[in-house]
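In what comes next, chain A is part of two complexes: it sits with chain B in the first one and with chain C in the second one.
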Partner chain A sequence: MKSYLRFILIPLLAAPALAKLNVVATTPDLGAIAHAIGGDQIELATLAKPTEDPHFVDAKPSFIVKLNHADVLLEGGAELEAGWLTPLLEGARNPRLEAGKPGRVSAAEGVALLEVPTALDRSQGDIHASGNPHYLADPLNAKIVAAHLARTLAELDEKSAPAFQASLKKFDDELEAKLAEWQKLVAPYAGRPLVTYHNYWIYFGRRFNWPMELFLEPKPGIPPTPAHLASVIGKMKAGNLKLVTVQPYQNRKTAETVASHTDALVLDFPSFPGGKGTEGYLEWMDFLVKSTVAGFEKTH
Partner chain B sequence: MKFRIILTAASVLCFTAAAWPAEDQVQQLQLQLKQLQADFEKTRQQQQQQIDTLTRKLAALTGAPASAPAKTDEQQKLEQELAIAAELPVSATRSPPATVPAAAGAKAGSSYMNLSFGTLIDAGWSTAKDPSAQLQLGDHDPSKRGFLLRNAEISLDGAIDPYFKGFANIVLKLDKNNQTEIELEESFLQSTALPANLQLKVGQYFASFGRQNAQHPHAWSFVDQPLILGRAFGPDGLRSLGAQLSWLAPTPFYTELFLSVLDGQGGTAFSFRNPGEPDAAGSNRFAGRATMDRILRGPSDLLFVPRLASSFELSDTQTLVAGASAAFGPNDTGPASRTEVYGVDFFWKWKPADAAQGFPYLTWQTEALYRRFEAAADPLVPLPAEVLRDYGYYTQLVWGFEPRWNAGLRIDYAKGNAATYDVADPHRGERYRFSPELTFLPSEFSKIRLQYNYDHGDLFGTAHSVWMRLEFGLGAHAAHKY
Partner chain C sequence: MLEALEIMLWPLLACLLLPGLLVYLGLHIVQREIIFVDLALAQVAALGTCLGILMHYEASSWESYLLSLAFTFVGAGIFTLTRTKSHRVPQEALIGIVYVVTAALGILLLSRSPEGNEELRRTLIGEVLLVTPQQVLRTFALYVVIGCIHWFARKKFLAISFEPERAAAEGLSIRWWDFVFYALFGWVVTSFVQIGGVLLVFSFLIVPAVCANFLAERQGIKLLIGWATATVASVAGLYASYVLDLPTGAAIVCALGLALILALLAASFRPGKVL
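Take a look at the complex of A and B:
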């Protein structure tokens, strides 16, 4: 090697090893977990906004630049980002993020997905072939994702591996402690059903034993119709259902109308961590659990 | 269980043997028969369930994507604990994610190729008897009173190997006599593993010129193509066989450079080596001149299409994409005549952070183009050598005012310089058009659009048209480019 080449090539090759890992998370819940595990050892960028509908994120060109720089892509998988991630990755031309490479983390791997359809039939609304992708509303699934990510980060940045392991342990311990606290809180309201706008919170409902089988949408992705709302109101009255959850991008007025007919309470459920007081994953989950419990108390 | 069926059946047979043709006995018999049927149905269902369970277990064992039923909490917890346990020891060596128990299928697009099919069905009326003659010049435009289908598209895409992805669009069209035409609109491969932020695209494809040229009609906001795009690139848009190299620049904001080298021969390279249409005597003509079949004499006879595009986040809710493009190549009117097309484009979008299913939004898209076409002399007509200059723009606002609805307005303007031949060419002269539209999207996979065109041109005066377009898509969920 000619000597002057050494001055150019060595810094070029060495630079990635010295720098912090660039991690891109598609949604803010994944971002919050990445922050908990990576802390200051990573550079983190999150694509979707906390108030945004994760299925309808615009594939903005600025995201191509972020993905081009990324060492790790943390995606939800299970078709959550089907509408926008593919063209971004095509534009990003980043071999580190190719499927099968360690830098490509599909968070759904290892998570037991619910509602895997037996038939792919869009007359049933906008269904997901791999199952319901909103699995991070169950804290135990967050644990799986955190472990998956910690392993990946440790592989890619061996120097910081002990820090990632320590963060993972801290996250797991806090989560377990919180989970025990939540289980105690929710115990008096076990089995009480909730009404949700979209079939989004099924994992949350299963974890805390709150059946969620009644939706304001007649079919996933299809806006509420008066006839369907009337039947929901009837079922709420018959079953004495008193809580209706609504997410930031959903039509709160519809939920309020239903609530006013049934003496029910509308609960604002942020879809993701990132709002005021819900910056971290555990804070967000804490908010969801406690506001549900408070809702049950109020409507008792 | 089988034993029970046999037993029941046997007892029924015994009863039958001892049957007495008395009324109540017949009734009793019917009742028993019903009971038997119910029992049998129950048994059948139980067995079916067992078969289903076994099939799923088998699928899980063989790793095939199983349509797993909702798992019980206990099962789920156990699986999750297993998953965590399996991951805790962090191995220094790279272990593929496959070591995670594949509790769920979790694979989208578990086939080698995505397949989708979309159709645009038009219905409408125009004050022009034959809108295809002067008004609606795009190949996929509604261009006939009554019903028309000008775009049924089969789209295929998938990874070819670790180095390339492949794409194809095969378009079927019905002509006005309901005969089917077929067109290999695009078929190309795109590299996935080139170094230095480069990407290569090879095959037949829509050139990256401006914004709308590379989009397929189902991605357009109006039912027809903008006038100036038709004048510069003809009814099909600019697409040809060739290769494109693109480079993502290492700037903090998005900047991409494209360079296409295209064959540029035929009607899909309208302003370039295009033989044109045969006249009454059967000789091909373009711009009034008899055309010649120009054979490539060197690389400079190919069609070159460079483009630069950049994007900026103006705020949390506003994005701007701006670009400049050009196309240079020879044309078929003479042995040395050439064509140049220049264009600028921009696209602005506002979408609030709490948009529901992507609504509300506001977009503003504008493109302006200039064409310089050297038309050689044709002494037989006779026509002198002259330069045709055409310019024009379209600008359109689309407002997604509530979920599933949008309304838009497009203004089109195009003008050509005075030339000796162009009296009857619908692609020349001055023309403007106002097009309001209203669209309802029942879901992401269907769309119904109503559009009115107020049209004014040197050639035809004023024309009014109303078009309705119904659109549907089947198959793989296509992601939306920005």
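Take a look at the complex of A and C:
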């Protein structure tokens, strides 16, 4: 019955692609980059909401429909979406998105990932075999992903290739200009450590020279325990750490409790572009840099 | 419409094939007045899965499945021993206690595991939208086997649920048949929890059975009404989930809730009404 249905349905669903490429991005940061590169030349859909934990995204029927229609799937890779994207793709049965097809863009390709484990051991928490997947918090990695996507889009839609190339150049130029501006802003606070809830911002910290080695989670993905928080508070007092970052889906109360014991400031770090005033990738990065700098100024 | 069918085909088949046995067992459960036993057994089984996760088995591996099944049988044993005639401690109280203690134990165990929260959430809401053909067919095969056991031993099962005093007087071993009932019931429930989650399994068990009890007296008629309710609500829930882009399991649960309201309305017009 299944093969019989597929025989009838797949040709109907896989109607010849219209002028515009259908692009599906898994997370809003990838969506923002795809929008910067594809602009009006693509039909873009983003699956995860900006406030959602990208490790766990709830499936809805429209996700399968979008994946079924997609010409290009832009995924983070490095196992970020492993838990939820695979079953959705099985449901979507879209041959254009199979692994190895040009339409399947794994953004992590070509990015130098940090924290690649030497041995896989679940007792170390929720670690990823290919390395820490939150690499888009470094703007230079966004450049790599943008170039990768522009190449793929140009291959699949040769007619719009010049437009994609022009958008890429514009994105790169703006990013370089912004980066120079950010580097100037952060220079006075170089080397000042931050506390984060999850080991999420390591690429951001490395780019702007803010060490992030203290986490509210005892191990990645394991909820904070009283004993661990006590030791974090002790280390914050000893090292005079004054900033704690928390993301929308994390427990802000935990961060507030720690901050109240250490006279620290809680910084709300949106995980992704898409909030108020941070629709684009560069606006989001701008917000992160400036709120961190403002935090250092306030707690000086 | 064709696209809706293509995407919702296996969730639809899961909701058409699998609730058949759940509705029948639901009639037993409502009659025995142990409404929350399915939640408690599902939670006991989830505790087995939690232990499996802690021992680094994948939640979908056969080791994990065997552990949860073993825990289910232990739970069945507990509920067999706690069926008392005494009304000083109603069995529902013990069922509730088993539920909260196993849930709390699960939280304690999973606080040591990175996948903990996700697994707890999945137990609750399930992922009926992403059900695989293998899952549906495997569970259906199991249900056919358990359904056959229930068919061949139907007199005994009906006797211990509906007329326990008479069954005891006739020399039927209530303890033994209770244990078989709970063990099979737990197996059915935990297999469906893997697909649909706790909320959906509870709704498929209880709502059609309650609707049927409002509308009919004879067991055969009740079963037909229950099956019809489950089928119509499943199709309506899946359709709403597709058209309005809602989480699928929750949409079916709400459709079943709506069915109950309609059944209540119908019952209020019946002569010799229950309400």
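The working rule: the second predicted complex is superposed on the first by the 282 of 300 C-alpha atoms of A that agree within 3 Å, B and C clash if a C-alpha of one lies under 4 Å from a C-alpha of the other, contacts with A are read in each partner's own complex, and residues count from 1 in each chain.
The rule we apply is simple: contacts are C-beta pairs under 8 Å (C-beta built on N, C-alpha and C of every residue); 3 or more make two chains touch, one makes a residue touch a chain.
All figures in this text were calculated on a predicted structure; none of them were measured in a lab.
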Quiz item: Between chain B (first) and chain C (second), which does A:Gly239 come into contact with in this model arrangement: first, second, both, or neither?
Solution: neither
Practice problem: Please indicate which partner A:Gly280 is in contact with in the superposed arrangement: first for chain B, second for chain C, both, or neither. | Solution: neither
Practice problem: Figure out whether A:Pro211 sits in contact with chain B (first) or chain C (second), or with both, or with neither. | Solution: neither
Self-check item: Superposed model, chain A: greater residue contact from chain B or chain C
Solution: B
Practice problem: Please indicate which partner A:Pro95 is in contact with in the superposed arrangement: first for chain B, second for chain C, both, or neither. | Solution: first
Practice problem: Based on the superposed arrangement, let me know which partner A:Gly39 touches: chain B (first), chain C (second), both, or neither? | Solution: neither
Exercise. Check whether A:Glu115 is in contact with chain B, with chain C, with both or with neither, and answer first, second, both or neither.
Key: first
Quiz item: Of the partners chain B and chain C, which touch A:Pro220 in the superposed model: first, second, both, neither?
Solution: second
Exercise. Using the touch definition from the top, say if A:Gly83 reaches chain B (first), chain C (second), both or neither.
Key: both
Quiz prompt | Shared contact residues on chain A - chain B and chain C | solution = 55-56, 58-62, 64-65, 68, 83, 87, 90-92, 122, 125-126, 221-223
Quiz item: In their shared complex, at which residues does chain C touch chain A?
Solution: 2-3, 5-9, 56, 111-118, 121, 127, 129-130, 132-133, 241-242, 245-248
Self-check item: Of all residues in chain A, those that touch chain B in their complex
Solution: 49, 51-53, 55-56, 58-62, 64-65, 68, 77-79, 82-87, 90-93, 95, 98, 100, 102, 105-106, 108-119, 122, 125-126, 129-131, 140-141, 143-144, 147-148, 150-151, 154-155, 158, 161, 165, 206, 221-223, 248-251
Quiz prompt | chain B - residues contacting chain A, complex | solution = 66-68, 70-71, 73, 75-77, 79-80, 83-84, 87-88, 90-92, 94-97, 100-108, 162, 165, 190, 192-194, 197-199, 248, 251-254, 256, 309, 311-313, 316, 319, 321, 349, 351, 353-358, 403-404, 443-445, 477, 479-482
Quiz item: Which chain A residues qualify as touching chain C in the complex?
Solution: 2, 5, 8-9, 12-13, 55-56, 58-62, 64-65, 68, 83, 87-88, 90-92, 122, 125-126, 219-223, 225
